[in-house]
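My structure is below; once you've seen it, I'll send some questions.
Note that the chains are named A, B, C, D and E in the order they appear, and that numbering of residues resets to 1 at the start of each chain.
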Amino acid sequence: MTKKRTTKYKKHVGQIPGTLVYTGDKTSKLFIESFDYNTNYVEEKEIKHIEDVAHYKLTDSVSWININGLNNINEIEKIGDHYGLHPLILEDIVNTSQRPKIDEYEGYLFIVVKMLYYDKDDLIVSEQVSFVLGSNYVLSFQEADGDVFDSVRDRIRAKKGRIRNLGPDYLLYALIDSVVDHYYEIIETMGNKIEELEDHLFGGNPKEEITAEIQSLKREVLRVRKAIFPLREIINRIEKIEHKLIHKKTIHFFRDIYDHIVQVSENIDIYREMIWGLMDMYMTTISNKMNEVMKVLTIIATIFIPLTFIAGIYGMNFNNMPELQYKYSYFILWGIMLILFIGMLFYFKRKKWL
Amino acid sequence: MTKKRTTKYKKHVGQIPGTLVYTGDKTSKLFIESFDYNTNYVEEKEIKHIEDVAHYKLTDSVSWININGLNNINEIEKIGDHYGLHPLILEDIVNTSQRPKIDEYEGYLFIVVKMLYYDKDDLIVSEQVSFVLGSNYVLSFQEADGDVFDSVRDRIRAKKGRIRNLGPDYLLYALIDSVVDHYYEIIETMGNKIEELEDHLFGGNPKEEITAEIQSLKREVLRVRKAIFPLREIINRIEKIEHKLIHKKTIHFFRDIYDHIVQVSENIDIYREMIWGLMDMYMTTISNKMNEVMKVLTIIATIFIPLTFIAGIYGMNFNNMPELQYKYSYFILWGIMLILFIGMLFYFKRKKWL
Amino acid sequence: MTKKRTTKYKKHVGQIPGTLVYTGDKTSKLFIESFDYNTNYVEEKEIKHIEDVAHYKLTDSVSWININGLNNINEIEKIGDHYGLHPLILEDIVNTSQRPKIDEYEGYLFIVVKMLYYDKDDLIVSEQVSFVLGSNYVLSFQEADGDVFDSVRDRIRAKKGRIRNLGPDYLLYALIDSVVDHYYEIIETMGNKIEELEDHLFGGNPKEEITAEIQSLKREVLRVRKAIFPLREIINRIEKIEHKLIHKKTIHFFRDIYDHIVQVSENIDIYREMIWGLMDMYMTTISNKMNEVMKVLTIIATIFIPLTFIAGIYGMNFNNMPELQYKYSYFILWGIMLILFIGMLFYFKRKKWL
Amino acid sequence: MTKKRTTKYKKHVGQIPGTLVYTGDKTSKLFIESFDYNTNYVEEKEIKHIEDVAHYKLTDSVSWININGLNNINEIEKIGDHYGLHPLILEDIVNTSQRPKIDEYEGYLFIVVKMLYYDKDDLIVSEQVSFVLGSNYVLSFQEADGDVFDSVRDRIRAKKGRIRNLGPDYLLYALIDSVVDHYYEIIETMGNKIEELEDHLFGGNPKEEITAEIQSLKREVLRVRKAIFPLREIINRIEKIEHKLIHKKTIHFFRDIYDHIVQVSENIDIYREMIWGLMDMYMTTISNKMNEVMKVLTIIATIFIPLTFIAGIYGMNFNNMPELQYKYSYFILWGIMLILFIGMLFYFKRKKWL
Amino acid sequence: MTKKRTTKYKKHVGQIPGTLVYTGDKTSKLFIESFDYNTNYVEEKEIKHIEDVAHYKLTDSVSWININGLNNINEIEKIGDHYGLHPLILEDIVNTSQRPKIDEYEGYLFIVVKMLYYDKDDLIVSEQVSFVLGSNYVLSFQEADGDVFDSVRDRIRAKKGRIRNLGPDYLLYALIDSVVDHYYEIIETMGNKIEELEDHLFGGNPKEEITAEIQSLKREVLRVRKAIFPLREIINRIEKIEHKLIHKKTIHFFRDIYDHIVQVSENIDIYREMIWGLMDMYMTTISNKMNEVMKVLTIIATIFIPLTFIAGIYGMNFNNMPELQYKYSYFILWGIMLILFIGMLFYFKRKKWL
């Protein structure tokens, strides 16, 4: 089951462009963490005073400022001021019903992606993550605590992989890559759901609620599709614009993400076709069951209605019914009925109804 | 339910190109309001004499002339003359069955969009709004009173946002943005309708009229699609043509509208698939109900037809039927029938029909 | 109902390219009318002698030669000679199974469009009209008498609109515009047909022939689509090729036709989806009716089969059936049956089958 | 019915590229005919010795060498050597499961098309024809005797049309045109088949095998589509590449073929949709028939089951059943039954079941 | 039946980019074979020591190093080091859930394709094969032993075809060609499966499991599609990029592969439509069977229920039933019943139910 569409769009209507309005569901305390590193050095700390954020704009080292809690509008605005972000960008960051997109500005690149995961009720949650890539920093904005970036943190801390030797564009790549990696889990879970539904349908006695489940799975697939498909275009754009913040060496890595997204997208489209097929399968299952019911009825009725008729005949009260007088009539009649009965059974056998 | 297609096209056939014919349904008194402003100054008034309109073509300040009541053909024509509009444009303004479009002319830009809202009967109303963007003015033409521009008026009056500091291209953006913002409400309402239909279908006992409602919802989605989809191309064009009336700084804002339209369009396409699915769901619901009816019939018939046959046997009038004479025959027969009855029940239980 | 496909293609096979073979159904006497005009002057006459046609190639004024009756192959060929038309063009003019198209030649432009209308049997008739645009003339070729150009004739005669002040390219525009205007009537009629079918289906008791009507409407939509869609490309081409015979000023008018065709095309595609939906609706209607039939059967059978069984029991002839002797047995049995009967009714009531 | 897919692909697997392997079904004696002509002169003869083929490469006149019997691998290879054809071309010529295609080489153009016709069992046969266009010759390779080129032969012999005055590129056009012309016959026949199926379905009592016929027609349409669609791209390419062997004057003629192919393709796509619709129609027909069957059952059962119950009542053997003694009971009962019977009939009449 | 999707993606999530993780199912001992050849010379041997691999990077002759057993991560990494391969390439080589792709690097070209075959359980197995094309070598990486390259080996050994005379780009072509050739077998087998299912369906008594088989076949087609379609783009790219490692002469051969892939793809798309049609056919088959069942029931019930009613009438015990006394009543009644019976049969005959 997917979450029901909430009325988050409503807040948007009639609002002045450039006004910051948080449209998400989750609220949390503002939590800012920073990583500042180069090949030889790494500093990780929690930023308590919003003014300290500005500091990292000046360092030579690569800085990653991760901001959680988009409901804290004022603080977000201050950060935006410190880094000179365009008002439309700030608006997009806090409007969590944004479509994944990329916007190029003088001096920085703005990217919105969707982090997808199943929550504990098995509902797909789509959380918006925005990135700002500057010459020596990456800002990331998340709706609330809890993310998929732990492996990136570990690599920075432990100097694993090449992350410590490369610039903020590689960091951006690593972060987006983490998000895309988690799409595979969504794909995984969906695939399992479809297989479960198939198995249930093949089991031959599907419950009626399955149509609701299929319709809900359709909705889920369509929503995930909407969240993932625009990413292709975004990564493609990163490759093509030759933005000075993206080094040529890093392009190969983005190309790798692109391949992953295409793969995920292809799977989603396959799932879509499979799900549409499920409805047909359910339909045939119902029809098969109806067929079975009808066969039982037909067999019983076809055998016993004629026999009952015969019995009815000899229950008539005519004065002159010669057969009634004959001594063995009754037994002969039983014989005839038995023959009829067996004949019918053979007939149904031959028709493969039994 | 959507409004039935009226015969508005008819008026068009055989007409001389360039002739003004109003093809809308609504008629209203001509009502013209004007906003004239710059950063420090704002003047808002109702224009009573059609000649006063020409005045705003000359001012240095930004002017917004909002004309309501397209059925007043002559007055519209005069305004067109004052602003030097091409006859085809005037024709398009009053022909309200126009497709959303953009036309570039020397000295001005002409844009047609569709304002969508649900009226009090829950029918989607599509009202045509045309904009003419000149070097220092925006003309807007509406079929009748009542629109979605109140937030723009407030911002101009109150100097909220950046509207008072920027040119007519930003004003145009603000107006189109208001129109697009209202599409979200349409999306909202449609989403709710689909969910209601789904709930009704899942309830298990859908009424027959639901097919009419589904078909009508399909029609609604297709109509909204038709009104919204061309806008993508229009905004895209605004970005690409680099018209001298659209400043580079404003492009970012139009890009924002573009994102919104794409988002609305994606939702519409998802709704479309969901609605198509509803018909399948209804079909399976009917089949399920039929299955249930058939099961009741089969159970009753399968149990009682054989028993009736047995009773028929012992209602026959043969002279020689030994069982009839035996004292406990009747009670034994009851026993046999009872066993048969229970056996049948078990059989159906095992088949999961009970 | 659409007309059945005739075997018009047959005549084409194995024919030498460049040979003139008329493939239409209609035959009529050759009828040629000419309009020769400029701003101050207009001459309208019927041309009796085929040689007089050549005269208009030389005049300074704008000439429109309208030729009806394509079955007069020889005359058509002579006209072609007078105006120096390529043999392939002549072949296309008389081969009325042509696809709408545009061909550019040195000195003239060749355009084929389809005139669509409903004949008196409510069948869609598609008549081919070919235009040749030269530097000072427009030739139009029609299969037979009767066309949609009366409004153009009136405008030329009455000096209405701008037609008398502009060149042959505007005349071409006016003629094509007349053809496209009539597409709206087709759209209109189709829309009405679909609504009628819908109303008939919603009426709940559709007749069986409706599938034939739906299939036939599908075929109609597909045929109209085939006739109209290529026009988009044609008009687009006119805009793009910058042919010296099409003046820049006229391009805006062709753009207007383009908008109309797109609008018509969009409607056709919507109709297509609606018609596909009709079949589903019919299917559910049938299923609903079947459900109703089955319910009646099940109710009657479920009530009376058990009662008949009871009656059967007391029709048995066992010697020892104590109940038979008891004085009020019969009346008690009636009571039991009545209770059973009412119980059943309640049961069906609760199941919403009554 | 289409021919069943044979296992012709098998031979291809694991074969060395450039090896000649004939993959067709038909075998025939090698038969080579040659036409050598210019405006004033024509020579037609059968070539018996494979070496004579080389002769025509040198003449000034236009030569058409038509080779039948692709199973004669060695001879084909020799011809290829004489004309200096690339090994891949020779491989494609004899591999008859080729897709229609065009390949440009230094000094010649290679084109593969599919000749389609219905054989005597009403199966579509697809025969591959390959053309090599050189500076003064056209080679054509066919699987076996019998083709669609007789009209071209006649025109060469009789100096009809412009064929004798133009070069080998026009000859190539004429040959391809003959192939495309025959597609119209396929279209014709398919259209008739669809109409027959429709008529059969509308007849109301379709036989079960019709699903097999529909599925087979689907397969046929898809196969024809596969054979025809690539031709569009091929002709398009001929127009665009501006190959020095194709003269500008001939382009117009190829454009004509293009129009024909588009027209054929559009028809095929319409047929496709119609055929898909047939399955739905069949489905509704079955459902309608089922409805009718169920109505008959329901009417009979609903009328007679209650009556039988009443008769059963008075067949009971209770001692005390007052009605039995009354003199006119029997006749009154008949009256009641008659009233019930007529009432039922009215009920069904009102329900429109009768 | 296709193999169930395994959870191979899981291993990928949260992994450092550039880390080698083998994601395939098969494990096998590392097996490396090398072919080193030029026109006059060929050397074939198994490489036991991983260091010997480096040797072939330096030779003048063409070398093909075929590495089997991707689970031997360390060895793969060493080979990568010897040949200077980018870490991302090594990661892609061992991540067997890769999408077919091409990556251009300085000095070499990297291509991933999918080898498809049916295993002994009739499941489609998709094995990843990666190629690295250098200036004088081709590296091929396979998951495990057993491949489709035997014909290439034979040609190298036996100096068959042109392989020994051409460079490594031709070798690459030959290897990819072998892979694509085997797609025809997949196509073959699928085609046969579809025909079997069709025959089974046309047989009239399909078993219920057929829906599972159809759904599984759908899945198979979609998977094969996913494996094959990207190849088109890859080969296209090879033609377009004009990489210095691909000689102009070899392009023609790649074009040939392209044609094959398009052909395979077209077949797959046709199969897809056919399979979708199968489900409809199954549905109609079920409905037909239901119809037949219902007819039997209706015929029996319609004949015998009225007759039973008549018998019931004369089983009533009214004192005054004149018919009962008349001597020939019984026989007359038999006559009447017989007439009714025969009349019914005629009725059903006329309705074509018998």
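One rule holds in what follows: a residue touches a chain if its C-beta (ideal position, glycine included) is under 8 Å from a C-beta of that chain, and two chains touch if they have at least 3 such contacts.
Being a predicted model, the structure only gives us computed values, none of them experimental.
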Topological distance between chain A and chain C, in contact steps: 2
Chains in simultaneous contact with chain C and chain D: none
Proportion of interface numbers common to chain B and chain C (over half same, under half different): different
Turning angle required so that chain A lies on chain E, C-alpha fit (0 to 180°, nearest 5): 70
Averaged-CA centre spacing for the pair chain B and chain A, given as whole angstrom: 26
Centre-of-Cα separation between chain E and chain B, whole angstrom: 42
Multi-chain contact sites of chain E, meaning residues that touch two or more partners: 283, 287, 290, 294, 297, 301, 305, 308, 312, 315-317, 321
Overall pattern in which the protein chains touch one another (line/ring/star/complete/other): ring
Ring path (origin chain C; first step to chain D): C, D, E, A, B
Parts of chain A lying in touch with chain B, wherever the complex brings them together: 4-5, 7, 9-10, 12-19, 86, 88, 97-99, 101, 103, 205, 208-209, 211-212, 215, 218-219, 222-223, 226, 279, 282-283, 286-287, 289-290, 293-294, 296-297, 300-301, 304-305, 307-308, 311-312, 314-317, 321, 323-325, 327-330, 333
Touch list for chain E against partner chain D, complex: 148, 150-151, 155, 160-162, 173-174, 177-178, 181-182, 184-185, 187-188, 191, 195, 198, 201-202, 204, 252-253, 255-256, 259, 262-263, 266, 270, 273-274, 277, 280-281, 283-285, 287-288, 290-291, 294-295, 297-298, 301-302, 305-306, 308-309, 312-313, 315-321, 352-353
